[in-house]
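Common to both upcoming complexes is chain A, partnered first by chain B, then by chain C.
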Partner chain A sequence: MSKIKIYLQPTPIRIWHWLNAFGIITLCITGVQIRFPDHLHLFASYKSAILLHNVAGLVVAFSFSLWFIYYAVVSRTLLKTYMPSRDDLEHGLARQAKFYLLTYFLGWKNPHHATPDNKFNPMQKSAYLAIMFILVPLVSLSGLLLTNVSPMRDLVLMIGGLKILVAIHFLLACCLCAFLFTHVYLATLGKTPLEHIKPMWTGWEEEDSTEQPHHVTGSSRLPSVAAMPRTGMTTRRRP
Partner chain B sequence: MKTEIVHKIMILGLQISLYTLIPLLAVATENSACLECHGDAAAVGESLVIEALSFDNTAHGELGCHICHASISDGHPDDGLTPSRTSCVECHDPISQEYAASLHAGKASCSDCHTPHRALGPTAVSGHDMNRQCLTCHDHADMLDKHGEWLPQADLHVSMLPCITCHSSSDQYVISLYIIKRHGNMLSGGYELASFDELSVQSNGRPIEQLVDRNADGYVSLAELRMFNLDPENKQLRLQGMITPEGVSHNFRTQDDRWDCSFCHASGPAARQVSFLSLAEPDGSYKRVPVEKGAVLDALYGTPDFYMVGSTRSTALNYVGLVILAGGLVMPIGHGTLRILTRKNRTKEEE
Partner chain C sequence: MKSKLTILMVLTTQLGLASNLMAATGVREDTSMVLVYLFLGMCAMIVIMQLMPAMFLLFGMLKSLFFGHKGQVKANPAAKH
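Coming up: the complex of A and B.
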């Protein structure tokens, strides 16, 4: 079977993604030491854990702006990529959930097929939307305040005080970490565990040329999401 | 230490009583005789004024003027003699020796940091006032720079900790909560330690501790802290926490373990559990009301604006966080198990 390649993940997005991934993993680990210094001593001293946490936070904030500038200014596809459509919300979510929770185990194919124009299935869109538009910005902002308590005291007080701010930062960080577990797991759900991860690293997705050739053309219109289950079904019947 | 002091005083008192034979109860009237002139700037000039209000309630106030100015004669002030001054070492031998052996000994004398007429123990002095003693010689901006070279958020640390918490040793450190008041608007903040008069106005004539200790039982419960924090009447007030020493050694230097942040930033030592509400008195000293154990650890209400990373974390929040993380493991573990169990279904399809 011959293979063809699709360029799925542009370079800036790949750079952002891995800076972000390693940044957030570092933040999670140092964060645990910072909150529970009497239980974890991974890094030589408390101070080094804090410095590393602060640096990783800046790396994540910096890479976040790379992500934002790329999608919002360079490719201008921010909303198209991440905003679930009406149909996604009404049917797509349920369809995708059914796949993950049931039909996947029966061996059916994923009802969504990633193309450069329509990279994410409805559940990915909603999750990434929440992560990238709410969680990451809020964690970064609260972190920024926490590293500048004295100069920004008044802002901290408006939020309700240092302790409230810390609670927000901690709980959101837990959410991010929980997302990370789920996200990494789902990323291994391809035909082979690395099938989805490779394109995030190289940019290119390999697929069998016999599969839905119409996807490769990268049509300029918004891909009709309604078409997805049908393509999914054809794939499944193919063999 | 106290018994030694008392011993010295007895000997001194014996000597003094040879001259005066003033019964101890008369100390107060004796003080007021001196203060008739020395309490009045017009009589003796600004530099010789002793604040009666702040002197009388101190340990030295109970000793009386004569005990330190023993040589004073009936002819004073017209006798042209300079009254003697008993030096601190006579009564504070251990501390004086400790200080004399310290690196700081040549840099400042007892009276550079203390006023003998206003001698208060560390629990009766606010953290802010303790730092004022140091900042007369150690320039504030200079200290921010020097400590900023190695201390993250030095500005926060230097304003939220008495210098002596890091530069002297103590058997125990506690959290002292001070009421501070906003003098500026929302944005310009301008919080300052609330004075006795300001708090009196706020409490409408009730004793000021009842601003927080509502049932006046001499004990601040978590519920009372919550009421204080949520009461709209107190919008301009908030609680500020500092870690203060219960006793102060006088070997002023950089304590070795203060380099290690987890001296303070770790839970465990009982110190982080013990806190006091510290309130201004009319004479400028501070009195303390004990606060419920562990109240500053409460997630939301105890002290919304006092948090020490690593040591005042809330256990309740830890559990919420754990539940969230467990939620993140549902897919990898639950789905992953089913995935392994049903792997045949998928390999069949691939064939």
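Coming up: the complex of A and C.
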């Protein structure tokens, strides 16, 4: 059976993804020590945990801007990639939820087929929309306010004071941490546990040439020219 | 004699406590910057590893651009025979 290689994840997105993953894991671990200093001593001191937390926060904010600039300015597919369509909301969400909850365990194929033009399934689109457009900006902003309180003192007071701001930051971070576990679990639901993780590291996804998705037909299955790296590489066919 | 012994005991206790304090300050060394450098080093490694294929590709393109023609010239006479 021949294999087709599709260039699914461009380099800036891969750099963003892994910086983001490493940064968020560091933020979670250091955040737990900062929140519960009497119970957890993972790092040498409270001060070192705070310093590492601040640096990791800046790295995540920087990688977030890389992601935003790439999708909004370079590829100009930010809304197309992340905004669920009407069909996604009416049928796609239920179809995908059914797959994750039931039909995956019966050995059925994934109803969504990832292409460079349509990377995410309806559930991913909805989740990433909430995370990338609401959760990450809010947790980053609240973190920035906590890092340096004095210049934005009025804003902090308007929110309700430091205690409220800390509580908001903590709750948002808990949501992000909960997403992380779900994300890693769902990422392992391929034919093999690494099937969906590998393309995020190499950029290329391998698939059987005979595989026909349910909802994508004909030429739309091929990767778009814009999504290809500008090096003349195209879809490769393996014997 | 008894008072000298008392003074000696007090001094010994004081020195003993002081040595504990000095040991404690030695243990609490500030390693914050080491952790930050480790974190930033890992981030740099992620970026370098992701950029590696592009760098190899660029290197290959440059190589074929500058040395590719020589290979073709050498190969052509052999093809005639």
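The rule is short, and it goes like this: the second predicted complex is superposed on the first by the 212 of 239 C-alpha atoms of A that agree within 3 Å, B and C clash if a C-alpha of one lies under 4 Å from a C-alpha of the other, contacts with A are read in each partner's own complex, and residues count from 1 in each chain.
Keep this in mind: a contact is a pair of C-beta atoms (placed from the backbone, for glycine too) under 8 Å apart; a residue touches a chain by one contact, two chains touch by 3 or more.
Computed from a predicted model, the values in this text were never measured in an experiment.
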Legend entry - Which superposed partner A:Leu51 touches (first chain B, second chain C, both, neither): both
Inset, instruction - Determine, for the superposed model, which of the two partners chain B and chain C contacts more residues of chain A. - result: B
Inset, instruction - Name the contact category of A:Val166: first (chain B only), second (chain C only), both, or neither. - result: first
Inset, instruction - Quick one: classify A:Leu19 as touching chain B (first), chain C (second), both or neither. - result: second
Inset, instruction - Report for A:Ser65: first if it touches chain B alone, second if chain C alone, otherwise both or neither. - result: neither
Inset, instruction - Applying the touch criterion given at the start, work out whether A:Leu180 contacts chain B, chain C, both or neither, answering first, second, both or neither. - result: first
Inset, instruction - With the two complexes superposed on chain A, say which partner A:Lys191 touches: chain B (first), chain C (second), both, or neither. - result: first
Inset, instruction - Check the residue A:Phe105 against both partner chains and state whether it touches chain B (first), chain C (second), both, or neither. - result: first
Inset, instruction - Using the superposition on A, tell me which residues of chain A are in contact with chain B and, in the other complex, with chain C. - result: 45, 47, 51
Inset, instruction - Within their complex, state which residues of chain A touch chain B. - result: 34-38, 45-47, 50-51, 54, 100-101, 104-109, 147-151, 153-154, 156-158, 160-164, 166-167, 170-171, 174-175, 177-182, 184-186, 189, 191, 236, 239
Inset, instruction - Give every residue of chain B touching chain A within the complex, in rising order. - result: 152-153, 155-156, 159, 186-189, 191, 238, 260-262, 265-268, 299-300, 303-307, 309-314, 317, 320-321, 324-325, 327-332, 335-336, 338-339, 342, 345-346, 348-351
Inset, instruction - Note which residues of chain A are touching chain C in the complex, please. - result: 11, 14-15, 18-19, 22-23, 26, 43-45, 47-48, 51-52, 55-56, 59, 202-203, 229, 231
Legend entry - Interface residues, chain C side, partner chain A - complex: 28-33, 35-36, 39-40, 42-43, 46-47, 50-51, 53-54, 57, 61
